[in-house]
Amino acid sequence: MSVIAYGLFRTRLGPSRAMLSRNWVAMRRAWVLVASGGVESLLFLFAFGFGVGALVGDITLPGGRTISYTAYVAPAILANAAMMGTLLETSINVFAKFKWMKVYDGVLATPMRPWDIALGEVWWALIRGGVYVAMFVIAMGAFGLLESVWSVLAVPAAVFIGLAFSGIGLTLATVFRNWPDFDWMMAIVFAMFLFGGTFTPVESYPGFAQPLVYAMPLYHGIELVRGISLGELGPMMAVNVLYLCALALAGTWIAQRRLAKALYK
Amino acid sequence: MPVDENEILVRAHGLRKRYGDFEAVRGVDFEIRRGEAFGFLGANGAGKSTTMRMIGCVSEPSDGALDLFGLDPHTDGPAIRARLGVVPQDNTLDNMLTVFENLTVYAGYFGIKRRTAARRAAELLEFVQLTARSRDKVDDLSGGMQRRLAIARSLINEPDLALLDEPTTGLDPQARHLLWERLFQLKQRGVSIVLTTHYMDEAEQLCDRLVIMDEGRIIASGSPRELIDTHVTKEVVELRYGGLHTTDLADIARTLDGIGSQVEALPDRILVYTDDGDDTTAALEARDVSPTSVLARRATLEDVFLRLTGRALGEDDG
Amino acid sequence: MSGTAATAAPGPAAAAWRAFQLQLTLYRHTWHGTVFSSVVLPLLYMISIGIGVGSYIESGATGGITYAEFIAPGLVCAVAVMMLGGDMVYPVFGGYKEWGGAYLAQRATPLRPVDILNGHLLYAVAFRPLTACTVVALVLAGFGVYTSAWAALAVPAAAAVSAAFAPWLFAWCSSLKNDAMLNAVFRFAIMPVMLFSGVFFPAEQMPGFLQPLVWASPLWHGTELARAATAGFGTALPPAAHLAYLAVLAVGGWLAARRVIVRRLSF
């Protein structure tokens, strides 16, 4: 009677698309909110890039080149936006859907598997993050902060950062117990934002702090995006990419091990 | 019946579920056949919902064997769930979606095409009489309406087996009877139904077979009639005493020794189990215990339930 | 007020005090979670922006004082705004919810809606800034950013910002239907106020057409006052004018908030 659309399950992406479309339907009434998610990063850009930037004037890169402080800070804020976009979506929003809104309890009674749900959430996070990133890069271009046309490569680079953090986000969603845990995540994330080489070159940090900064995932994201948008490509960028790949793999691997356990009671 | 009645859809053997140190389900066996309505009865916390979740393949059994449609839940969970229609005890509706979207989005999880989903959603809303509310958010519905929506949602994939955890809790009498009718139709079309309920009349009406659970075990099973025949007498005489305290009732009950096959004092009345109500009523009058009212009636499933899971169980049998 | 009548119908002050007790009890459970946002975060801002970025800024750009001295008073006041983001957004919205809303529970007692409002405000605009901002002001003293003991006045300035801003947030969050909108409160109210009130860079740098927004921001007025206290800076307007503006905002906000809570809690 009801051998329903089994064909769909053969293509692995089918089920996760159903999750994605649920998010789309649920949020389309609040599209203004989704679309304005990029506003926060723009506010940071205006306050620190332009406001504080006007006080600083120009900054000399470790390589000796001098650029405006605004152009220096903007890519870092972009990398941060990419991280925050996916991290918040995959950690706290997934946690809220699973713990408070009980969205997945209904979904799990269908052929959907935990991993389909997770994948759907990752697509959704990447789409949202991608929209913010694109908005931000357009703003950067409008204010003349992009070095060359190649700088639009900052968009895929930023989406890649989002992907790298999505596994961690999902893992955190399974680790969180309640709201205060989320506060702690925000604390760590914000500390990375303030000290991940966002506002001043790591080389200007005291010696003991530098290794700490190199260990921060956001630092590698910032270096990658900054290098691309300033047109300063270097061998170190391969290290940045490798670090982020490792983060993506590790996060995803732990997440898929924990998710089924967290969701199936 | 259009289908083979003896085909077994669900087979459970020694099914157990542990939560840490606590064992919620302690080894249950049952079989559910195609086209039958199968009921789980039991006090709060007996393990009904836990068992239902294991049948629904959203909870991994800690031990024992479970087989649905000849498939193994461990490896074929998605394929099994594609053929199930589930109404969980707590609805699990999606609060961010409208009534209509709850059905269509849910259909998406089954991979049902959009147009089919929209058509079925409209039909089902008609069935649960929520068509007028289809654009409202779930939060704005009353508790009973949410329940009806959850029931409609469970039928969106035209399931072979419907798992209904207390489906009629919170429904008004009209909606309840309507649902019974619809469940009956489903059954006739060969859909099997597994339900839990706290309404004994519902269980008697709907279930071909049922089991009574207590503290994670099955303590009785059979058709409603069989259970009544096996566990209680044909009839029951109820004695009520307006205004008397529970302890007084127990005292009175003790003076009734020898009448009927068993006497039981409940907080508000005394039950005398007997095979012949008229005889017993006469005998009671002879004893001069002057109740405010006497009622002789047929024994029901409720009497079975109270005897098996109530306080009387330990006292009489232990 | 006689002793026996007190339990039946408390006066406004006693009632607000009782409502305040709830917030205090909740705070005992959650205070450790608030330490980051109310104490550690401003400290991190000071190190990263004040000292780190400050080392690239000449004092001429900030009116002859170091950049760290420039942002210290603003940070003390900004903490008050940040804390409102924790105390006046989710708790207010959730207060009316069937699932354990604190206001609904309080409403079933002799407390009147206005008492519930006053109790929550007492917590958010007096207790929180007077404790947390004091700690922040003391910690920042370790950076040697104050010129005189008058710096202590930065704390009441922060409380004044809180008093002017909190009731408006209360009114807004009380009238929200959808929790998705709570993000908008941060995005369109708290964040812009934090970032564009002359805390991190002089407000005169803002483009002219945005100046009116700066003048409207309670944090700008508070920061002007606090900077006068900690660095001996002249204020943009006479101090009395800044204070008067904050007082007007506070009273207007309180009236608005009272309207909303009375409407929400009258069934």
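Think of it as A, B and C in the order they're written, each chain with its own count starting at 1.
Please note the rule applied: a residue touches a chain if its C-beta (ideal position, glycine included) is under 8 Å from a C-beta of that chain, and two chains touch if they have at least 3 such contacts.
Being a predicted model, the structure only gives us computed values, none of them experimental.
Judged by the touch criterion defined above, the protein chains link up one after another in an open path, with no loop closing it. With every chain reduced to the mean of its CA atoms, the largest distance from chain A is reached by B.
Central chain by Cα centroid: A, whose mean Cα position is closest to the mean of all protein Cα atoms.
Separation between the centroids of chain A and chain C, computed from CA atoms only, is 30 Å.
If each chain is reduced to the centroid of its CA atoms, chain B and chain C end up 54 Å from each other. With centres taken as mean Cα positions, chain B sits 48 Å from chain A.
Residue positions of chain B in touch with at least two other chains are not found.
Among the residues of chain C, none is found touching two or more other chains. The set of chain A residues that touch two or more partner chains comprises 27.
Every residue of chain A that touches chain B in the complex is listed here, in rising order: 1-9, 14-15, 18-19, 21-22, 25-27, 101-103, 105-113, 264-265. Residues 53, 56, 58-60, 77-79, 81-84, 86, 88, 90, 92-97, 101, 104-106, 108-113, 153, 157-160, 190 of chain B are the ones touching chain A in the complex. Only residues 27, 30, 33, 36-37, 39-40, 43-44, 46-48, 51-52, 54-57, 59, 69, 179-180, 183-184, 187, 190-191, 194-195, 198-200, 204-205 of chain A touch chain C when the two sit together in their complex.
For chain C in complex with chain A, the residues that touch the partner chain are 30, 32-33, 36-37, 40-41, 44-45, 47-49, 52-53, 55-57, 61-62, 67, 178, 180-181, 183-184, 186-188, 191-192, 195-196, 200-201, 205-206.
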